[in-house]
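A short worksheet on the structure shown next.
Lettered A, B, C, D, E and F in written order, each chain numbered from 1.
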Amino acid sequence: MEYLLLFIGTVIVNNFVLVQFLGICPFLGVSKQVSTSVGMGIATTFVMVMAALASWLIEHFILVPLDLVYLRTLSFILVIAALVQLVEMFLHKSIPGLYRAMGIFLPLITTNCAVLGLSLNAVLRSYNLGESLVYGFGAGVGFTLALILMAGIREELEFADIPKPLKGAAIALITAGLLSLAFSGFAGMI
Amino acid sequence: MYNSLVALASMGGLGIVLSVGLVIAAKKFAVQVDERIEEIEIALPGVNCGACGFAGCRSLAEAIAEGKAPVNGCPVGGIDVASKIAEIMGTASGNAPERKVAQVLCKGGCAEATQRAEYDGPNDCRIMNIIQGGDKGCTYGCLGGGTCVEVCPFNAMYMNENGLPVVIEEKCTGCGKCVEACPRDIIILVGEEYGVHIRCRSFAPGKEVRQVCKVGCIACRRCEKECPYDAITVTNNLAQIDYDKCTVCRKCVAVCPVHTIEEQEGKPEIKAKKAG
Amino acid sequence: MNKMIKDFLRGLWDEHPTFRIMIGMCPTLAVTTSAINGMGMAIATTFVLICSSLLISMLKKVIPGGVRIPAYIIVIATFVTTVDYLMQAYTPDLHEALGVFIPLIVVNCIILGRAEAYASKMPVIWSAFDALGMGLGFTWGLTLIGSIRELLGSGTIFGFSVAPDGFTPFAILTSPPGAFITLGVLLALMNIISDKIAQRTRANQQKTAS
Amino acid sequence: MEDSRLVLSPSPHIRDEDTTEKIMLTVVAALVPVWAAATYFFGFNSVRLVLVSILVAVGSEALFLAIRRKPITIWDGSALVTGMLLGLSLPPSLPTWMAILGSFIAIVIGKQVFGGLGANPFNPALVGRAVLVASFTSQMTTWTMPFTDAVTSATPLVSGQVSYAELFFGTVPGSLGETSALAILLGGVFLFYRGVLDYRIPVGFLGTVAVLSFVFGQDVAYQLLSGSLLFGAVFMATDMVTSPITPVGRWIFGIGCGLVLVLIRFWGSLPEGLTYSILLMNAFTPLINRWTRPRIYGQGVKQA
Amino acid sequence: MVKVKNFRGGVHPEYNKHITGDKPIKVLPAPNEVVIPLAQHAGAPAEPLVTKGDSVLVGQEIGRSAGTISAAVHASVSGTVVAVEPRQSINGREVLSVVIENDGQDAKVPMAGHPDPIQLSSGEIRQRIEAAGIVGLGGAAFPTAAKVNPPQGCKIEYLLINGSECEPYLTADQKLMEEYTEDVILGAKLLAKACGAEKIIIAVEANKPEALRKMRALAGSNAIEVVALVVKYPAGGEKQLIKAVLNREVPEHGLPAQCGVLVNNVGTAWAVAKACKHGQPLIERVITVTGDGIKEPANYLVRIGTPFRDIIDAAGGFAGEPGKVIAGGPMMGLAQFDLNVPIVKGVAGILVLSNKVTKEFDPMPCIKCARCVDVCPVYLMPVTIEKFAMNAMWDEAEDYGAMDCIECGCCTYICPSKRALLSWIRLAKTEIAELQRRQTS
Amino acid sequence: MNESAKMIVVLTIIAMISGLLLAQVYHLTYDRIQLGKAQALRGSILAALPGAVDFRVIEAHPVGGLEDDRSTLRSKPGSDSDPLLLFQGLDENGDPVGFAYVCEGVGYGGIIKIMVGVNHTSELISGVAILEHVETPNIGSLIENESFRNQFVGKGTADPIALGQDIDRITGATVSSRAVTEAVNRDLSNALQAYKEAITNE
C-alpha cells in the first residue's frame, strides 16, 4: 500500500515534469509525436529504474561507508552515463529492433536532469532500495504520461492556426503550463 | 588527509572501472556506424521537404552514405551543399544538379479565359478538378484555386490579380511540390536559363480554344516554322518546346498571333548551344 | 578580435540559451520564483560554465576521443560540487532555495553542449569569451523571468516591496503553471521583438542597396 | 438563359439548418434559467460578474483578432458562452477586476493563442477559473449566503449541513451558477432536446460519481447535488471543442472526469475537483480520440 | 405496426417529396435530337457500332459492350446519326456520344419478347439483361449482367430490391412502384432467378405507404417479403440497406455478394422485366423533374439521351432565375452547367434549385461537435479525414478509412460549421487511388 | 601508448584529481556549513523559547515512539529505538527555560517541519517556528507569519488545540493551517512526557 501511494504520488501528484520541473528539455523536445514520445517514455523509465538502483548501491556501499558524500553528484552522474552508454551499445549490437524503437533515445537521456534529479532525490529522502525502485519507476511513468499527453495535444496543434510569434516552443510552453494547471488539482493529495 | 586519500583512491578506482568497461564495451559491442551519415545530415538543409524522393533529410543522408544516392541528390541545397557532401564522401563530383525552376504553362487568367459556371466549393484546384472538371471554360487551363501556391514550402509562388500563379524564380528551389499538386499538370520544371515558354497546355483544336481563351495555343504552326533549331513541334493541337534544343533566341515569340509564347527578361540567348 | 566579440554577443541574443536554443529549461522554470533565486542560479551556472570551458579547452589535446564525454562530466561535476559546497557555506539561504537544482547544474545542457561544441575545438581565450557570453545570456534571462514572476506574483523585486498598497499578488506566477506560461509568453514577445529587428535590418539593407 | 451561369458545386447541395452560431446561442439560452436563478439568489452580484465576464470575453476576442488582422468572429457566440460560463462559475463576492482578469485569460491564454475557436485543447472558461483560483485563492473560496452579503465559511460540500431541497433549489452558498440544481437541469434538458448535448458525457460523469460515492459510503444524492458538479457536467464537460469526438471516447471522457473528481473530492486537499477533473480529461482528449476510433462498417467482417 | 428497419447514422433532410409525390408518370414525347453517350455505366465505354449518316431504329444497338464490366447502348429514337463525337456529359467531361436526329417515326427494331418470362432459364435471363444493356438504375449504373453473375465462392441468398429512394425530392422509384407494381415484382423474380437468390426482399421507406401497400398486395408468395425502412437518408445505400434489413455487413472493400446479398433498384427490376417480356432494351427511364426552380414539377418517362433542356422546357421551364441544375438528388446529384447534357441511364431526376436556395456556405472552424462522426453511415471520422486531406496526409487519411467513404454527404450536410468535409474526403480518395495505382504499376 | 590504455589512464587520472580536489573543498567548507546549520537551528530554538539564550540537546526515548506520519510515506525506521531529540533552552544563568522539539505535518505542497517550544514550568507552548515547508507562496506560506504562529502560544496539552476555535485559519490555506495545528497537537503530550522522564532520569 505504501509503495502504491508512493507510486501514485510520484506519477500524478508530484509529477516530475509538470510539478518538479525535471527533464523539461526532452519534454519539450521529444513531445512532437505520440509514437516517438512513447519510445522516449519507455526508454526514460528504463533508465530511471536503472539509475535508482545504481545510485542506491553507490550511496550505501561506497559513499556512506567511506564517508565520501561529497562525491555523490560526481559518482552518480558518471555511473549513470556509463551504464546508459553500455546499455545503448548492447542494444545496438544485440537487439537492433529494440534499439530502433527505444535505444536511439538513450543518449538523449543520459545527461538529463530527470535522471540525476531522481537519484539525488531518492538519496536525500533516504528511501530504502524498494522505495528507490518504486520511486524511479513512478518518475518514469509520470514522465511518460506527461510526454504522451503533451504529444497528443501538440499533434493536434499542428493543424491549428496559431499566431506566428507563438508557434513552436512558446505555444508548447503555454500548453505545458495549462497541463500543469490541470495536474495542480492533485496537489497536497498525498 | 586520510579522507582525501580515500577520495583519491575511490575516484581512481571508479575511473579505472568505468574506462576499462567502456573500452571493453566499445570493442565488444562495436557497431559499424557510418559517421558520415551524421555529417551529411548536418550539411543538408534540414527542411525535410522530400524533394529528393527520400523520407526526409536523414533518409537521404543514409542513402548517400550507402552510395544509393548521388552527392548532389538534394535539389534544394544546390551546389554549396553538394560540394560539402562531396567533401565528406571524399568524391570530387560536386556538380550541382542543373538548377530548375517551375514554369506555369497557362496564360489564360480571369481576363483572357471564359468561365462556364459559377463555382461554389472549397478553393482547391484538385477539388475543383474532381467536381465536373471545374468552372473554367478551358478544360486544360489553370483553375486559379492556388493549390500550387498553398503547397509551395518555400513561399516561391503567389496568385496575381488575374487569378494565375506566378513563380518567384529566386525563391523557387525546383522541389516540384507544385508540379505534383497541380491537377491540370500546368506546371513543369525547366532549367532556369530558359527564358521562352509556350504558356498553354490545351490539346483542344484551335477553334475550340478560341472560344474559351484569348491567349491559348491555336496550333497555327507559325512558331514551329520560325524556330531555327527545330525546338518547337506541334502535336495534338499544341505547340511545345524541346528545351534541350531551345537557345532562347526569341524568334518564335514575335510570330505567335495569340501571344501564347512569352519571353522572360534577364535570360540571355544561350550561345554555346548554337555551335553544337 | 571582432569575431571574438561577436561570439561573446551571440550568447546574449542570437543564440540565447533560454529564449533561442531552449536549453537548461529545468532551472529556468524551477528556481525563478524570485529575481534573486534566478540570478543566483544563473551566476552559479556561469561560474561552472566558465571554469569548465577553460579547463576543457586547455585539456582538449590530452583527452582521447573515446572518453571525452566522461572526462568532461568529471570536470564539470567537480566544479559543480565545489560551487554547491561554497554556496552551502556562504549563502545558505540561497542554497536552500535552489535545492537540488545546484547539483543538477552538472546536467545543464548549456555546459556540456558548449564543452562539446566549442571549448573542445577552440583556443582557451575564445572559449572563455564564449562561456562568458552564454553565461551572461543565461543570467539576464533568468533574472528577467525571476523579476517578472516575483513582481507580479509577490509584489516585490529582489525582496523589496515595490507594489502599491492594496496590490493583490497574482500568485499563480510563482507556481509551476505560472512558470511555464510566463516563459511561453516571454518567448512570444522575444519572437515579436526579433521579428521587428529583422524587419528593420532588412529595410535598412534595402535602403542602402538602392 | 445562357447569360446567367449556373452554379457548380460539390454534393451535397443542401445543408442542415443548424449552424455554429445557433448552437452557441442555444447554450446561452440554456444558461438563462441558471443566470436568472443566480440573480434571484445573489442579486446584483450576479448581474455584475456575469455581464463583466461576457463583455471582457467578447472584447478581448475582438481585440486579439484585430491585432492579428484576422476577421473579427465574435458573432459566432463562442466567446459569449465562455464569458457567461466563467461569470457563472465565480463566487458572488469576487471583486470585479478579478472577473475581468479571469475572463481575459480565459479567452487569450485559454483560446486565442491556440488559434481561436475549435483549436483550444483546454476548456477556456475553466482555464480562466483555474488561473483565478491559483492566484486569488482566498477570494475564490469566499462564499456568501443567498439573499445577503454575509460571508460564510464554506459551501455545503465542505460544511455538509443542508437539506436536499435546499441543494435542489439552490438556497445555499456557492458559485453563482452552481447552486440551483433545478435551473441547471432545466438548461440541460433544453440542450439535450435541441440536440446540442451529448448524453454520454454527463451520464458517464454523474454516474461514475454516484457509483463511487456509494462504494465509498458517501451520501450519493448529496455528492451529486452539491458543489459545481452538476453545472460542470452539464455545461462544461460537454464543451465539444475540448471533448472527444468518438462515441466510446465520450464515455471514457465522462467516466474519467468522474474518477478524477472523486479522487480529488475524497482524498485531495481541495474541497472541489470539478475544474481540474475536466481540465485533466481535456488533456487526454486527443489520445482518447486516437485510441477509440470506431470500427468502420464492414471492418473485420469475414466473407459469409 | 411492423417495426421499421433501422441502421446507425444517417440524416433527416427535408424530403420535399410532396412536390411530385402525387404526380403520375407522364410519357415525355421523344425529342428532336438525342445525345447518347457511349459511357453511361461503370466500366469500359461501349464501342460505337454506327457512324455519321447511318440511319437507326428504336432499340437498335449502337454501342457494343466492351468487356465483362461494360454494357451495350441502344438508340432510343429512330432517325439519322448526325454525329459520333465527344459531347458534354453529366460528369462534366466530354464523352464519345452518338447524336441521332429523330425522324418521328419511332420505328422499332424487331424485339423478341416472351409471353411468360418467368419460364426463362437463368442463363437466358442473364443473356437478355446483357443484350438489353441494363445497368443499375439506382445511381451507380453498374452493369447488371455482371452483377447477377456472382463471383466464385459466393452464394446469393437474398435479393434485396431497393425501393427506398431516400434521396430528397425524388419520386421516380415511388411512382414506378405505385404504377408498375406488377412489372417490378416480375423483374425482381427474374433477377432472383438469374442470380440464384432464394428469397426476395423488397425494401421501401416507410414514407411511401401507397407503394408499400401495392407491393404488399401483389407480393403474395412467401418468397417475397416487403419491409418498411426507416425514413432516413441514406437508407437506400446498399450497405445500409443490407445492415438494416438483414443485419449483415458487407466486408470492407468487399462486395454484397460476399455476404450473400444482391441489391437492385426497382427501376432496374422494371427494366429487366421489360427486357424479358418484350425484349425491350434499356432506352427509357422514369425521372423526376422537381425543385423550387421549376415551373411544373412532374414525373416523366423519358428516352435516354434526351437533353436536359427539352425536359426542363416540357416541365414549364425555370421558375425565376435558376441557381443550380442538378442531375439526381440534392445529396448525391451532380450540379450541371450545360443544359445540353442528356439524360443517361443512371440519372433519376433533374432538380432545379432557385437562387434563393443555393446559398454560399462559408466554412467556419470545426468545433468538433462530432455530428459528422455520429451521422456517418459507415462509421468514419469525417472531421479527422478532412483534416488529413487538407494537410496532404494521404497515408493517414487512408488509415482512417477514407476509401470506405460512400460519398453519401451526410457529414457535410450535418456540419454546423458548414465545412466541405466530403469534398476533401473525395480528394483524399482520388489521391490515395492515384498513389495505389502508381504503386502497382 | 595505445589508444585504449591512454583512455584508461587519462580518465583515471582526471577522476583522481577531481576526487582529491573535492575532498579539499569539502574539508574547507565543512566547518562553516556546520556552523551555519547550527546557527539556523539555534535561531529557531531560541525563537520558540523566549527567554532562552542557549540550549543543550537531550536524548529522550518516548514511550511507544511518536506516531507514524503518512507524509513521509514510510514507517520510520525503528521509531522505538531511535532517540527523540529534545532541545532544552537555558537562560543567562543556565537554568532551563523550557524545551523544544521538531514535528512534521503534511501541508498542501508537502511536508512542513515545525519547531515547537514548551515552557518548562507552565508546560504550555511558548512559541512555534516553521523550519521547512513547500507551501504555495503567499497562500500556504503565510503560516510563517508571526500572527499565525503566535496563536499557539499559551496553548497546552489540557485540551486539544482546535483549528477554527483556538486557531484562526489562514483564508484559502486551510490545508496548511490544519497541517500545522494537527502536527503540534499530535506530538505535544508525548514530547512533554519524554522530556519529563529525561530530566528526571538525569
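Throughout what follows, a residue touches a chain if its C-beta (ideal position, glycine included) is under 8 Å from a C-beta of that chain, and two chains touch if they have at least 3 such contacts.
All values derive from a computational prediction rather than experimental measurement.
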Farthest chain (mean CA position) relative to subunit E: F
Chain separated most widely from subunit D, comparing mean CA positions: B
Pair sharing more residue contacts (C-beta pairs) when C-D is set against D-E: D-E
Centroid spacing, where centroids are CA-atom means, of subunit A and subunit B in whole angstrom: 43
Chain centre separation (subunit B, subunit F; CA means) in Å: 71
Centroid distance [mean C-alpha coordinates] between subunit C and subunit A, Å: 22
Centroid distance [mean C-alpha coordinates] between subunit E and subunit A, Å: 60
Where subunit B touches two or more other chains, by residue: 3, 7, 10-11, 14-15, 18-19, 22-23, 26, 116-117, 120-122, 127, 130-132, 134-135
Where subunit E touches two or more other chains, by residue: 334-337, 358, 361, 420, 423, 426
Numbers and ranges of subunit D residues touching at least 2 other chains: 5-10, 109, 113, 116, 119, 131, 134, 137, 139, 269
Sites on subunit F touched by subunit D in the complex: 108, 136, 139, 171-173, 175
Residues of subunit B that touch subunit C when the two form their complex: 15, 18-19, 22-23, 26
Subunit B residues touching subunit E - in the complex, by the definition given at the top: 116-117, 120-122, 124, 126-127, 130-135, 139, 151, 181
Residue numbers on subunit D that touch subunit E, as the complex places them: 1, 4-16, 18-20, 22-23, 73, 76, 78, 116-119, 198, 240-247, 250, 289, 293-304
Residues of subunit C that touch subunit F when the two form their complex: 33, 62-64, 66-67, 70-71, 74-75, 77-78, 81-82, 85-86, 88-90, 92, 153-154, 169, 171, 174-175
